[in-house]
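This structure is in structure tokens; I'll ask about it shortly.
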Amino acid sequence: MVDFFALGEQILVMAFLVTLGYAIGMFFNGFARKITARIHNRVGPPIYQGYIDVFKLFGKKTNISHGWIFDLAALFSIAGITLVFLFLPVAGFSMLSTDGDLFLILYLLAIPALGFALGAGASGNPNAAVGIMRALMTMLAYELPLVMVIVAMMVHYNTTSLAGIVAAQSNMHWAIFLPVFLIGAIVADMALQGMLMEKPFDIPIAPHEIATGPMVEFGGKHLGALMLYKMMGIVVETTLFVDLFLGGGVILSVAQYGWLAYVVNFLVWFGLITFVFFLALLINAVFPRFRIEQALKFYWKYDALVALLILIWIFVEVST
Amino acid sequence: MMAKELFPEAQELRKGRIRIETIKDKVTEIIKKLKENGYGHFVMLSCVDWIKEGKFELVYQMWSYEYREHVMISIKIAREGDSMVTLRDLFPQIETYEREIHEMFGVNFVGNPRLGEFILEGWPHMPPMRKDFDTEKFVKELYYKIPEVKEE
Amino acid sequence: MKPIEKEYELFIGPNHPGATGNMSYHIWVEGDKVKKAETRVGYLHRGFEKLMEKRIWMQNVPLVCRICVPEPDVNEASYSMAVEDLMGWEIPERAKYIRTIILEMARISAHLLTVGGIAASLGIYTAAQWGVGDRDYLLDVFEQITGARVYHIYIWPGGVRWDVPKNTKELLTKVLDYLEKRMPLYEDLIIKNKVFIRRAADVGVIPKDKAIEWGVTGPNLRAAGYQLDFRKLEPYAAYDKIDFEVPYYPKLGEYEVLSDGSDIYTRTAIRMLEMQQSINIIRQALKDMPEGDVLLKHPQWFAWKVPAGYSYVRVESSKGEFGYFVVSDGGKKPVRVHVRGPSYTHGINVMETIAKGLNVADFAPTAISLDVCPPDIER
Amino acid sequence: MTLNHDDWGKVARMMSKRSLWMVHFCTGCGAMEMPPVMTSRYDMERFGMHAMATPRQADVFLVTGYLAVKTLKRVVQVYEQMRDPKYVIGFGSCTINGGMYWDSYNTIKDLSKYIPVDVYIAGCMPRPEAIIDSFLKLMDMIDKGEAIGWKKYHKYYDQYKKNQRMAYAYRLDEVEDIKEDDAK
Amino acid sequence: MIVEVLAILLGTAFLMLALNKFPKIAGTIAFFVSLLPFLAVLSWAGQMGINIPSYLNLLHFESMATYNLGAGSLLLEITPLGWFFLLLLASLFPMVMLYSVSFVRENAGGFYAAMLMTMLGTFGIILAKDMLTFFLFWEIMSWSIFALVLRGHDRRAIVSYLAFGSMSAMLILFGFMILYYDTDTLLFAHMHLAPTRLNLVALSMIVAGFAVKGALMPMHVWAPHAYSKSEEPFVAFLSGGLSKLGYFGMMLFMYSVAGMGLLASWGTFRDVSWFGYSLAVVGAFTAFAGTILAVMQDDLRKLLAYSSIGQLGYIAIGMGIGTPLAITGALFQALNHTFFKAVLFLAAGAVYYRTGKWKISELGGLGYRMPFTFLASLFAIFALAGIPITSGFAAKWLLYEAAIEKKFLFVTPIMLIAGVGAFLYAYKILYGVFLGEPRYDVKEAPLGQLVAMWILVLPLVIFLVFPGWVADMAAPILKEYGMQAIPHTPFVITTSLGVYNTLAVIFGIIGTLLLALVLYKWKPQEVVPHEDNYLAGEPPELYENISMHAAYKYYEPFEEVFLPYFRSGAEKLWEVVLYAGEILGTGARKIYTGMVEDYTMYILLFFIILIGWWLLW
């Protein structure tokens, strides 16, 4: 018999966390613009600008669509990214992360991307098509070093489950404190830069080249949905990084400290993802963007080479 | 060789400004010769509407970085029914000047394939740079007559 | 059914972040490579030359500066010089120095915009933001001297409108010191940035042997490897009295020579060097500036009759050769004023030619690095 | 207490006034003062404004200066691609009465004959302070529900279209009748 | 009933030749006959531990049959492994035939005859109990395929298929001979292979021979040509179905016949035999290289062919690793590949049927014109890319888990990156064919084609919800090899490393989609025509025919990066292969008359000789 009470409770908690995730995502939008503005010597928008922008976009009186395939973009991107968030351990708290593992997360991340790509393609604008081409190629580029590091971690911790990796890092045994995964974290941070589409890898949306690429035809609620996707994407991607290398931000054990542990862990997690995002913003501010083949070469030559060293390291570790 | 030596008929306006008045059949030859003799920079092709004479004056202007000398080769063609051969093969930018002059004055350059709409779009009247086109009258009869949007 | 073509068409402009002002490049792209490009201009056509024929000589002064917005002073200067040429006037010495200062300030402010624009087109928005922000200090000085931020209408036929305020020297020195202090930052962000070098070196090359024939002028020509500058070739204002070296490829000073020249990188480097050069020129001009009148005693403004004749006057602007061809028949109004903007060749023939085979990603940076300013194409 | 429709409208207006995204379209020389407005000295992002690449994403259209007829076509195209609610700021004297170019054959003289304008800024060219002031004015108008240019455009679409056609054709006569299917 | 089915298939094949002038009638008859193997599958389900309602069990099939033919006898028996592969092929085959009814027009009789012969061969191969029967039916299948490849009239395809087909047959035959020499028996069940080097060589030859049909690199060369130049229904069956027979053979000989004892005789690496490890590496390389090559194709069929090669590589990985997890994964991947690849080829055929174009860059904007075709291919593409809203993910997941379980540090990233590469070409199909600028004003594909496609989409949904069912089907196979089935329930598969709970994913998707839908439906919207698009402000009416489809050389930067590496590698191989093909081709040209009937006759003649020879012997 299904325990409906427990199920309901779980759904409520998940709804709360998803709301929190989006709230943090929107905060990150304002945060990013504020930080960038400070680097530009400007005052910048208020830090809550992200909320205003999203509400405004959803409040647009008329919206255009290029047909039902175009609409899929908004649906798939929001649904997909929310789903990924559900499968991530957040601050050590697992929503669905015991029901799927890291491979699932990697593939679920493709749902919003492909959905977005469908919508952009359906708009029939060549700028969008070129942008999607670049986005997919950037994805191919950064995935190689990323999966190499992830595979190394899986083998090292002998689990494919992200929750398992987080659990293995409890009691401050964070992966980043191991020399091999310190290098791994640097490699993955480079990949994260591509994942977050920050410079030098913001090739897909390069405004001067292809007028924001895939987003050219999106406006109003469609753009709002994409912004939500992007904002949640920041949370998801930084959380993934934090879960992998920084123990998910878990510093107190729930068994020992009860609800206090949740609060503290959430705060630490929030601090860590903000910090990771902040690093990405700093890199973003001072670099021009690569051309797409340069990005591919960068990831597959330099980043992947370092990742290969990590693999060899782990190989030796496993073999002996 | 400097322009003065090549073309004795050239007249010096001031230091570094040479003016050659010629006829349209000779232009190609002169410009070719000048180009071969160090006048490598084609500055501009200009057109002046001398309405009282009924002529357009086409001024081909070249500059030599070597001699620091500016040459204006001036020809006159009739305002109506006359044409000029294109010189786009000599300097690529002549093509653009010809396009502009064709549009603004209505001078026909034979052999230029890109004559057509360049700056204006859907212009139905006389080429606007001609002296007999009265822009003030035109504006008063068009833009000021377009009605304001009435709100009911 | 639509005809099936392999190429797709992109419009870079007018409503496009990569457009250099209100103009449009219509490009045909196959895969990732530009196959054909056509420049579409005319969006800014106001019929200046027509309007100038309708106005008396002096009325044209406020009009001409609107031809090139980022650097309006070159228009005022060249128009004034053309009138002076026809009138046979020699302007006061002090006015020459003031003109030099104004023109060089305009050059710095235009180069800051362009270098920032190149950086922004490749994604370094920080540099663009800083560039425009720093340009504002120059505009403050402009405002102090001329009373306006953008359209100064300060250089008049016969000199300059009025003398500079007393504290100009201190003000300007302060701004120049500040700019000099900022230069290394720009260098780190742009010209010495490894990613920038990768993007910019050997991209958008104008072949050296064609550069003069194609009518390339200004920094673009110097980046192609010619030490040609109209400030040296045909000195106007006080340039003949000022000691300065024109930077050109491969003499890039402290910057590395990374390519065969004439690419985005070299053009950016030349502009960076020219800014430093301009700072030097202004300092010299401030030091050497004599006292005296700044404006000739004119006849009554509205009764001018300019002697009949042809005049062509050129000024080395930040984009290249800016020339005014003025024809007078001895009347109160000019018969013909024809403006040669440097973008006329850069934006149309040169860009259409070198665009072939360019990567889509490199198109906008190339166009911006040529410093194409549409208003001086169509006027 | 329950929120009625008007209150929601008020919230929506509050949001939309604090997040005005601008079309990246330099229609004329006024665009020269836009970089300073965007950067450190004046920084319009303080008000949540920034430039967007395409009209679909944007809310406010700064017509920066004179419009050649050729540009007017593009401006109208861009304006029609923008989504409601959308606002237009006429920038500089040229959009008010032609300014310097009052007798130019190729520039339109009064922008409001072709598309509805919510706020005008006088001057040639307007100083950044004036631009910022116009933004604040527009925000104020949005808040009060007075910025209704886009509604006017729908309501008097036929008149606007007719005027646009006259300008496009450079002549008053021979304007084709507005077809049924064109009217929205 | 087994022999009767064989006889009916053979008889119908002859009948088809007679009905050459009446394609529709021939197609309909062929469709109904093609259902027979599927009935056999249903009938045998009970024995495999799958309970199906009794009313589906229409015909009773015995599980074993012997058919005496004078000197020798056909020995047939159903095994769990055979049943699984028969399930795939027999459920694909009727749909392909249904599709063909509206698709095939020229010389339909020959087509149906050859197709039925192919199925006849398949049926026999899967049921074969000894090497001779196996080889006999293998040749029937191979030559029927040859007849169908001939219909494409493409010399390269024919020559390369002939060359590689012969090579495959030779390798298999030599392998069989060695095994026979060593064990003195033809029956699989009686072979107990000693771990000798000779046997390993024989096994390698056999696996290499099967790798040709399985399009494993470097034996894949024929596949892109044959796939891209033949009729779509056949290609769908060839790529989706018949390529699995190669893997069936590999599996049969590696695990049923040889077993771990022989495989491990070469040594082991982390409990995986070097033999299997090499196969896995070859599979991973195939997956990677096939993907990269697929991304570079402009011909829709070539793209699908290379993608097929890449996806088949995953099956080889699973077979190579050989743990229960890996074998289940390989079987799951085989199942998925059967259906999604068939759907994609059929959809490509439907697109061709309506537009007459194969080049991706010449298509475009069909998504709104052919919505059902589009949706079917979208689903198939999701399965192909392994996106967890179809069953495609579970298979890949099992394979990844298997690789990580064995700590394959270098193979796993290659597999994963090949999976990412699949997004690239998947999107190329979506964009180039279905999205982008609408260029064609065409109708939706005919009903028969749509029904065929959509029925083939069903398994992708069913096994998304019940991934455990595949594990159920794999259990008897694993049991035969003395392995434990992987722990699973219908919805949850557990490994030592992680869990995949399909219910969480499904309900998660439904929930989040509802959330998205609420947000999305908040505000009204209007649909604008394609012309009302961002053109940087330029009014479209001022320009004639603005071409806005960017599909030609879509991944040009990608090609610039990868082509140099692949050109030199592939071209050298090509030269050698083409040289060989040239020599073989001169022989082939003599019998190449261009008449399909002739070819069919050749094949029948070949059989008669073969059977006659066999009977006399």
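Going by the order they are written in, the chains are A, B, C, D and E; count residues from 1 in each one.
FYI, a contact is a pair of C-beta atoms (placed from the backbone, for glycine too) under 8 Å apart; a residue touches a chain by one contact, two chains touch by 3 or more.
Keep in mind the model is a prediction, meaning the values are calculated, not measured.
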item: Chains touching both subunit C and subunit D, listed by label; value: A, B, E
item: Chain pair, A-E or A-D, that carries the greater number of C-beta contacts; value: A-E
item: Chain whose Cα centroid lies at the greatest distance from that of subunit D; value: E
item: Innermost chain by mean C-alpha position; value: A
item: Chain whose average C-alpha position is farthest from subunit B's own; value: E
item: Whole-Å separation of chain centres (CA-atom averages), subunit A against subunit D; value: 37
item: Centroid distance [mean C-alpha coordinates] between subunit C and subunit A, Å; value: 44
item: Subunit D and subunit E: spacing of chain centres that average the CA atoms, whole Å; value: 58
item: Whole-Å gap between the CA centroids of subunit B and subunit C; value: 23
item: Multi-chain contact residues (two or more partners), subunit C; value: 8-10, 14-17, 19, 29, 32, 42, 45, 47, 50-51, 54, 129-130, 133
item: Multi-chain contact residues (two or more partners), subunit A; value: 40-42, 59-64, 126-127, 129-130, 207, 211, 216-217, 220, 291-292
item: Sequence positions of subunit E contacting 2 or more other chains; value: 437-438, 532, 534, 536-538, 542, 548-550, 554, 557
item: Pairs of chains in contact (touch as defined earlier), listed by label; value: A-C, A-D, A-E, B-C, B-D, C-D, C-E, D-E
item: Subunit C-touching residues of subunit A, taken from the complex the two chains share; value: 36, 39-42, 126-127, 129-130, 199-200, 202-203, 206-211, 285-292, 294
item: Subunit D partner contacts - residues on subunit E that touch it in the complex; value: 532, 534, 537-539, 542
item: Subunit C-facing residues of subunit B, complex; value: 13-14, 16-17, 19, 40-44, 46-50, 59, 61, 65, 68, 70, 72, 91-93, 95-97, 118-121, 128-129, 131, 133, 135-136
item: Of subunit B, residues touching subunit D in the complex; value: 119-125, 128, 133, 135-136, 138-139, 141-151
item: Contact footprint of subunit A on subunit D as seen in their complex; value: 11-12, 15-16, 18-19, 24, 39-40, 43, 45-48, 52-59, 82-85
